[in-house]
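Multiple structures follow.
After this come two complexes, each holding subunit A, first together with subunit B and then together with subunit C.
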Partner chain A sequence: PITGKLTAPPYDPRFPNMNKTRMCWQNFVDYHRCVNKFGEEHKPCAWFQWVYKKICPNEWHERWQERVDDDAFAGRLK
Partner chain B sequence: VLNVPGYSVWPLIGSIGAFLITSSSVFWWHNGFSWLFLVSFFVVLGTMFFWWRDIVNEGFLGNHTVSFNSYLQSGIILFILSEVVFFGSFFWGFFHMCWAPAEELGFCWPPYSFEEVIIDPFSVPLLNTIILLSSGVTVTACHFFILVSENNNNWFLGAVFWGVTIFLGVVFLFLQVEEYAESYLSFNSSVYGSAFFILTGFHGLHVTIGAIALSVVFFRFLTKSFSNFDHVGFEGAAWYWHFVDVVWLFLFIFVYWLGAPV
Partner chain C sequence: IVSYLVLGNYFFNGLNFFMGNLIMFHDFLLIICYFVLFFILSLMLSMVVFSGSYFNNLGNVVLEVVWTVIPSLILLGLVEPSLTLLYISEAFSFNNGQVLKVVGHQWYWSYNSDLINSVVQDSTDYDSYLITSDLVSGDFRLLEVDLPLVVLANVPLYFFVSSSDVIHSFALPSLGLKVDAFPGRLNVGVSGGVSVGCYWGQCSEICGANHAFMPIGMEALIYF
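Here is the complex of A and B:
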């Protein structure tokens, strides 16, 4: 995890609306795709995790993580 | 002086029956089987039988002038309009789900990992489309032969096309039942399964109703109730059949074909 930062994830023009549900979901999915492709030690993957942990409600990414662990997540993570 | 038949008790009983059918269905879904549902179902069925028998008898008494028949036709058209908005509500729900898929589906439509269970639209559904479109043609041909026959002579071709129409409807229903039995998709396969089965299920029910209507009117035709200028019952059944065909076209295009890209 990136330490010492007190900032928020920057503006992502892919998700311009106030409703950031899709941005949360996309970063969660992109983190897992990154880790599946390049391994957990790959540093750039940590960016996606930082973004989704900052902007997603904890309930959401915890629920999705449970589903990923149960192989029941509704999204292509490979 | 308007030609208005006397008072009838059946509209009141019919509307009470329709209200009880819907509310007892909701009670059934929440609390288990409801005997009131069975009672109200037979009330509605009985209303259909007795009300329309009254209309047929009024016809034999001479009430069915050309201008009066237009009132009957307006009534039938209004009923078909109510069926249009009934299907419209389920189509609204379907489009709400498929044009903005939610997180639970994986933000995609069909929902994530559904590729193996959706039905290939260009196998049986395409055949069903051809069947229903052909039955629309045969029912129109039947109408033509009724219009050109005099005193129920040359009615034989009309009867043949009539039988073909009903036969095609039955074949359609048989194919749909086979599809339901063979499919891996089920009613609770996420919102996709629910939307699919409620739309196709109610459509199949309406095809059944239309086939029964055509059969009843066929029976009346064979027992010489119609002439070549007074056959409102047949026209109503034929319009209903065309409506069922149009609903199937919407189903085929938006639910089977465009709603399920493979």
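Here is the complex of A and C:
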């Protein structure tokens, strides 16, 4: 049986409407910016990763991750 | 309407709170429509059936005021449940509950639930196809799917819906839910807790040849 509490990403007032595309993209970008700035071991960066992994379709964040690895991502990650 | 509904149990078929109230509002509204219809029909019928002159009084200010005020009072009475429902449909805090990702394809759905580890593929995504053959007696012909969306009962559900090719629509009418799936867009639909059971829906946006053959099956369980 499932034990423990189920959590969902909390309400983000920057994205109040039904369209959460930008929320997904923003958390992905914020995770990479956080990691670039503070390093991968920095715990708070894991928050952004948790959010985008929860809400983004896998196709999207996997495809973006490939582009990040190829240095071809179309967002400012520095 | 919303407050007294909580006391009674109008949630047959395991609907959620929102849909139960929506059904009650619809019934209430329909009764008002029947009253209005009956009244108008009786007036019209009386004009047809009974002989007499109706041209005695060609202007009556009181009558005109009355037949303006009474419908506006009826409409005022309808404001409260209507607006309440409008606001409770989105009244979720998003802090706890189950997050489900739904992606529409031509012509099947793929689901990703944080509670399911797929044994079929490497990722936690799994595809859900309509079952066309090997139906057992008692199955629903165009609704049975091989791998339904499995969900925890009694917790809020957040459906994040997108599409990989053309526009689809994720519909669960028992929950009052219809979330369009656009390629390149992520829409969210929320539902309060549902009770244990099976819920069905069908793709609600024309998406090609097999648009009618990509149903949504959802099972709500309390035990995994």
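Remarks
One rule holds in what follows: the second predicted complex is superposed on the first by the 73 of 78 C-alpha atoms of A that agree within 3 Å, B and C clash if a C-alpha of one lies under 4 Å from a C-alpha of the other, contacts with A are read in each partner's own complex, and residues count from 1 in each chain.
By our rule, a residue touches a chain if its C-beta (ideal position, glycine included) is under 8 Å from a C-beta of that chain, and two chains touch if they have at least 3 such contacts.
Everything numeric in this text was worked out from a predicted model, so none of it was measured.
With the C-alpha superposition on subunit A as described, subunit C and subunit B fit side by side in the combined arrangement. By the touch criterion defined above, A:39 reaches neither subunit B nor subunit C. After overlaying the two complexes on the shared chain, residue contacts for A:13 are found with neither subunit B nor subunit C. Touch criterion met: A:21 reaches subunit B and subunit C at once.
In the overlay built on the shared chain, the residue A:75 is in contact with subunit B alone; subunit C does not reach it. Legend: residue contacts after superposition of the two complexes on their common chain; A:55 is shown touching subunit C, with no touch to subunit B.
Judged by the number of subunit A residues each one touches, C leads among subunit B and subunit C.
Between the C-alpha centres of subunit B and subunit C, as seen from that of subunit A in the superposed arrangement, lies an angle of 80 degrees, given as a multiple of 10. Note on the superposed arrangement: subunit B and subunit C approach each other to a least C-alpha distance of 8 Å. The contact surfaces that subunit B and subunit C form on subunit A in the two complexes overlap at residues 21. Of all residues in subunit A, only 1-2, 5-11, 18-21, 23-24, 54-60 touch subunit C in the complex they form.
Subunit B contributes residues 103-107, 111-113 to its touches with subunit A in the complex.
Those residues of subunit C lying in contact with subunit A across their complex are 93-99, 101, 103, 112, 114-115, 123-125, 152, 155-156, 158, 160, 162, 164, 184-189, 223-224. The touching residues of subunit A, when paired with subunit B in their complex, are 21-22, 25, 74-76.
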